[in-house]
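Report on the following structure.
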Amino acid sequence: MNGSSFGNYFKITTFGESHGAALGVIIDGCPAGLPLSADNIQTYLDRRRPGQNSYSTPRKENDLVEVLSGTFEGRTTGTPVALLIRNESQRSADYSEIASYYRPGHADFTFDAKYGFRDYRGGGRSSGRETAARVAAGAIACALLGELGITVCAYTKSISDTVCFGTDDYLSGRFSLDELVSMRDKSPLNMPDAEASARAERFLDELRGQHNSAGGTIECILRGLPAGLGDTVFEKFDARLAHAMLSIGAVKGFEIGSGFGAALLTGTEQNDAFYTDEAGAIKKRTNHAGGVLGGMTDGSDVLFRVAVKPTPSVAAPQETVKKDGTPYTASITGRHDPVIVPRAVVVVECMAALTAADALLGNLGSRLEHLKKLY
Amino acid sequence: MNGSSFGNYFKITTFGESHGAALGVIIDGCPAGLPLSADNIQTYLDRRRPGQNSYSTPRKENDLVEVLSGTFEGRTTGTPVALLIRNESQRSADYSEIASYYRPGHADFTFDAKYGFRDYRGGGRSSGRETAARVAAGAIACALLGELGITVCAYTKSISDTVCFGTDDYLSGRFSLDELVSMRDKSPLNMPDAEASARAERFLDELRGQHNSAGGTIECILRGLPAGLGDTVFEKFDARLAHAMLSIGAVKGFEIGSGFGAALLTGTEQNDAFYTDEAGAIKKRTNHAGGVLGGMTDGSDVLFRVAVKPTPSVAAPQETVKKDGTPYTASITGRHDPVIVPRAVVVVECMAALTAADALLGNLGSRLEHLKKLY
Amino acid sequence: MNGSSFGNYFKITTFGESHGAALGVIIDGCPAGLPLSADNIQTYLDRRRPGQNSYSTPRKENDLVEVLSGTFEGRTTGTPVALLIRNESQRSADYSEIASYYRPGHADFTFDAKYGFRDYRGGGRSSGRETAARVAAGAIACALLGELGITVCAYTKSISDTVCFGTDDYLSGRFSLDELVSMRDKSPLNMPDAEASARAERFLDELRGQHNSAGGTIECILRGLPAGLGDTVFEKFDARLAHAMLSIGAVKGFEIGSGFGAALLTGTEQNDAFYTDEAGAIKKRTNHAGGVLGGMTDGSDVLFRVAVKPTPSVAAPQETVKKDGTPYTASITGRHDPVIVPRAVVVVECMAALTAADALLGNLGSRLEHLKKLY
Amino acid sequence: MNGSSFGNYFKITTFGESHGAALGVIIDGCPAGLPLSADNIQTYLDRRRPGQNSYSTPRKENDLVEVLSGTFEGRTTGTPVALLIRNESQRSADYSEIASYYRPGHADFTFDAKYGFRDYRGGGRSSGRETAARVAAGAIACALLGELGITVCAYTKSISDTVCFGTDDYLSGRFSLDELVSMRDKSPLNMPDAEASARAERFLDELRGQHNSAGGTIECILRGLPAGLGDTVFEKFDARLAHAMLSIGAVKGFEIGSGFGAALLTGTEQNDAFYTDEAGAIKKRTNHAGGVLGGMTDGSDVLFRVAVKPTPSVAAPQETVKKDGTPYTASITGRHDPVIVPRAVVVVECMAALTAADALLGNLGSRLEHLKKLY
């Protein structure tokens, strides 16, 4: 079982546990000539870093990234880029209690079922900290996409039942992507709607008082992708995206375009009409497809949403069992976010970027004429 | 771009267009010794076959499967099993019209964008007919699971806004899986709720009169999976399932357990309490997780849902363009299901079985003690 | 264990046993727009077909190939190309004897060790007949290479101790590749040296009288490959070639350039001097490297040799055991080539072409500037 | 192009350049429960380390390995094991000269051809130093094999035309594997024949005086492998081995069992007779097959040889060109081994171990009865 790689062409392989020596990632397949520095990557890691506001764990980690290989004089060389992030905050805590029982909503039980034992320090490989390696790799994917004029942007769409104003407001020209990002970055919850964010903050303060936690949804847009990315059968662009998203720890659902809403529409409502714009380009009047038709990008924005479950670590007492099966009442104290959603935003963005970078490379050989152009 | 394979251990590779000579699949990695005959496979293909009732296309295809390799004296040999399904109904229709414009909601435009041209006969590789190969392969996966006491069962959960009575009714002991299957098989829509099915049938009859189509959702249960299947990072069991489901043509969303509903719950609501049953086994009181914790199966039922969009081929007039960009009003006549959902049920079941078979094989090497037991 | 695929980008997956219903292959990843007909493929299969002269088995197989998918109006569409070759000569022979004992030099014993039983009819999946699927796929790879001005040419270099006149004669301009092919095609042994061929034929006639068989070597040239194909570490171009060659049933060795001879040279002898030719291109004065430096093609001919063992099926009596371990004297009668080498020539050529096609596609994303050129 | 991974089940991914910050490897797929410490790995790295005697470069590298993840309380956890080796000896040398021209026998030219530029410091990714990561990973594979009673042993078979006494002396019981290792470890050239080693040492001293270098061969034995490892078509055990071996920088040839010698034998000579030993086990009287029949291990020793070219870096003057094509006479001074063979011995051993570990894991699902035993 070797499931720590993602991507077939722009391929990443990650390692690291929450309380081991380090986390890291190897990116194999990044084209040569991409301008890259540790700073580019650090910017993304800083967005994921804990302790930035009262809604994220106060764990102090600088999460400084070191580029170990694959660059020369400020550009990628085509060989594997390895990134290292040391764990600084490995407190010699007493884990004997947590080692003895199964936390509800966590992977303690399944780790034991699979491997016979587990690294119980801070969640080990199943910790949210694992996503730091994805973000580091995703930053490089974003740099690659940027060179081709492609932008990826995710944001908190809802926290519990507090939802940002309509998707159409963002997408139908009321705001530009830049404005969306700017509004998002003003919210401690990464929610690009000041009023909704304030309401969600109050709700979270309340929940925290109850030693409980909340879930929410994240929306993500990929703009500027050429049409034709993704394959027609198993490696559909949206299938890869769904895979990428459900591989993020707390994600329980994925939908693209009208998504589950499509189940309620009729054919004439769901179908997007084609038309020719003034410049002569073929466009779609609507985007219920979410930018993917038959598994291939159609040139519109790729637009999808994911559902994130509430933080499973809550201080409220919960029924569970010890390893030997005896009953136990768990109350998980310590540093835990009351909501995972805001910190997962950059993870969603990075996994989407990795999916797109992979599809871009995978599509190069789709036509004989491409080969004739390059050879 | 070679996206016609699925699975890393129990690996299938499919081929075939709607109106080419044949469809088929190679299953590579099926363990030796599995009892298998063409009849086992035919049973599954017959469930997918068109023309079975008034809600599926009257296209006449017997979809007879031929086993070309990989079996000997009624058992798999460990070498690739190849399955062939001839296309019988290749009518020499006039496709010149369909070749000239882009059908809304279809892959015509994206095929041209990717490859420069397309096999426009009946949707080519993007036809729903492509799923016949998946079903044939999935039948073998089901046979393998069956040997290990694992059952997969999917059914129509809703058509437009007509929903079967609650999931809890099926799952909390009111009905057994066998009863569920039996009720499902009585409905032409594969809806295991006679009353809801009748309502949905009336709705579809109405829609058909309007030359329109409907969407819906499918629910699927995997029962009997051992705990520990799936990997902890990118190859999570639910990530693989999501990939499998979104790879089915008309699927626009995937959710596991409480799914998008989890975004509305608190931590204490979403977490499933562990307890020890009378036999001493560790169980969960609820299953909001949908049977997967940290990417690994937890021994409960794996339970997920997918959203299926309405059939894109509708006779109602639709705005679109020709290949050269000139406006065109499309009205797609011919044999098309008013709803895809019922026929997709067996496809969902088969893709789930393929995912599970792959995870079962992938998990064999998870512990050194397993190797010591076998070598 | 799913080892019936080869290639990461131009990926083939084969199936079929010697005496099953059919053999075949799916080619996934072939670029769209490649002119292709069944005739192109048949030409290659005809070169492999048995019964063409007294040195190959008289088994009568027309080996007619059927293209099942992936082409439209004479060109590949980018979707999987499936090829089918029916087994015509499935004689209802009595295999009970061969089923009971282990033939020396064959895979009977190892099949039983791996799978617990085997399809004993004519060698099953381990039959030389398996290579028909490779050749069919290789023909498409050759067509792709041809579009880019790349030629692949293999020939019998030696049979037992009868060796063609020196490699340098072929390669240093005494003959062109076309002349080499023309001389090869005149020899029933595919040996482009009439005198050596005649000697080898006499030797084989003698061996046949002794119910014995001979081995030999095959040499192969790839001309016209652009520099830079192959990866720098594990997926070196020569490593992939070695893999491809040793995957052919009877091959026991592989060497590139000076090969095992390099072990006897000094550094100054082995190294190829670079110079600039009149047209300003950087060339090498010699080619001891065999056209690969550091795992990447260097623009010279790629030149390699393989060792082929003698046909293991001989009528001379051999010591062996039955399945239950009791001693048995085997004398394998029936239709068997006294030498495998000549028929393996086209297999070597096709596996080399598949390796090159895969490397060509895999190299497309090596530079950011390539992406900028195509997107 | 992402060729820095090896293995499908026991999968390694390496990174690192000769003069970058570090080298390293991620091992993904190692079963949980394997006892492992940094010391186990260090022992192997120490065998590869330069500066151990007068026949290896005096570069001072301690090559200390750090285990970054994947172990807990002295055992592997089943999650990725990451290993890091810092480059200590990154001298701020002046590389401007080496940057300007193409060294014969090196990858300078092909790197530029592929990527447009290169990291010219000390050979970059193509340096022999890259193998440190393979050795670190291979040490873990060796530990895994050791738990199952499998031994891997490589040694210098020849240097130029100085050959150890016959293979049969080692293999037919005159020496045990332990004795072989002990004799090997006494030779600075890893040559388990004191007399031949002394002769080769004198020859190398002479060559060094001439600013030249020598090649040689390495032989490797895998003992204790169960029968049935490897696949029957493309992933044959020997095909994987050939791939592994040719992926080592200076290797130009691979042969298994009688290898190229098989081309000179008759069928009755090459075939190994089966017999039943006193314990009732089926054995082979000879091992011309080299332990692999039809791509699967047959229970005998797997025995193969590789050809290693002479060190390409020689101080003797060589004709070459600058990047712009102007003629240049290169004389490569600095720290270079007069022969690569002795230091490559442990690399061969480790790549063989990685191949075997991968095949062991890949074979677990070969029979349905295996699954029934584990689930």
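Worth a mention:
Order of writing sets the labels: A, B, C and D. Residues in every chain begin at 1.
Quick note on the criterion: a residue touches a chain if its C-beta (ideal position, glycine included) is under 8 Å from a C-beta of that chain, and two chains touch if they have at least 3 such contacts.
Keep in mind the model is a prediction, meaning the values are calculated, not measured.
Listing every chain that touches chain B and chain D alike gives A, C. Across the two candidate interfaces, A-B and A-D, the one carrying more C-beta contacts is A-B. Repeated interface: B-C and one of A-D, B-D or C-D share more than half of their contact pairs by residue number, and that pair is A-D. Separating the CA-averaged centres of chain A and chain B is a span of 26 Å. If you average the Cα atoms of chain A and of chain C, the two centres end up 45 Å apart.
Measuring from the averaged C-alpha position of chain A to that of chain D gives a distance of 39 Å. Along chain C, residues 1-5, 9, 14, 29, 32-33, 78-79, 114-116, 125, 226, 232, 365-367, 369 each make contact with two or more other chains. On the chain D side of its complex with chain B, the touching residues are 9, 29, 31-34, 76, 78-79, 144, 147-148, 226, 232, 360-361, 364-375.
Listing the residues of chain A that touch chain D in their complex gives 1-5, 9-11, 13-17, 20-24, 26, 28-29, 32-33, 66-70, 72, 75, 77-82, 84, 114-119, 124-125.
The residues of chain C lying in touch with chain D in their complex are 1-6, 14, 102, 104-107, 109-111, 113-116, 125-126, 130, 158, 160-161, 207, 212-217, 226-236, 238-247, 249, 252-276, 280, 282, 285, 289-290, 293-299, 307-314, 316, 318-321, 325-327, 362-363, 365-367, 369.
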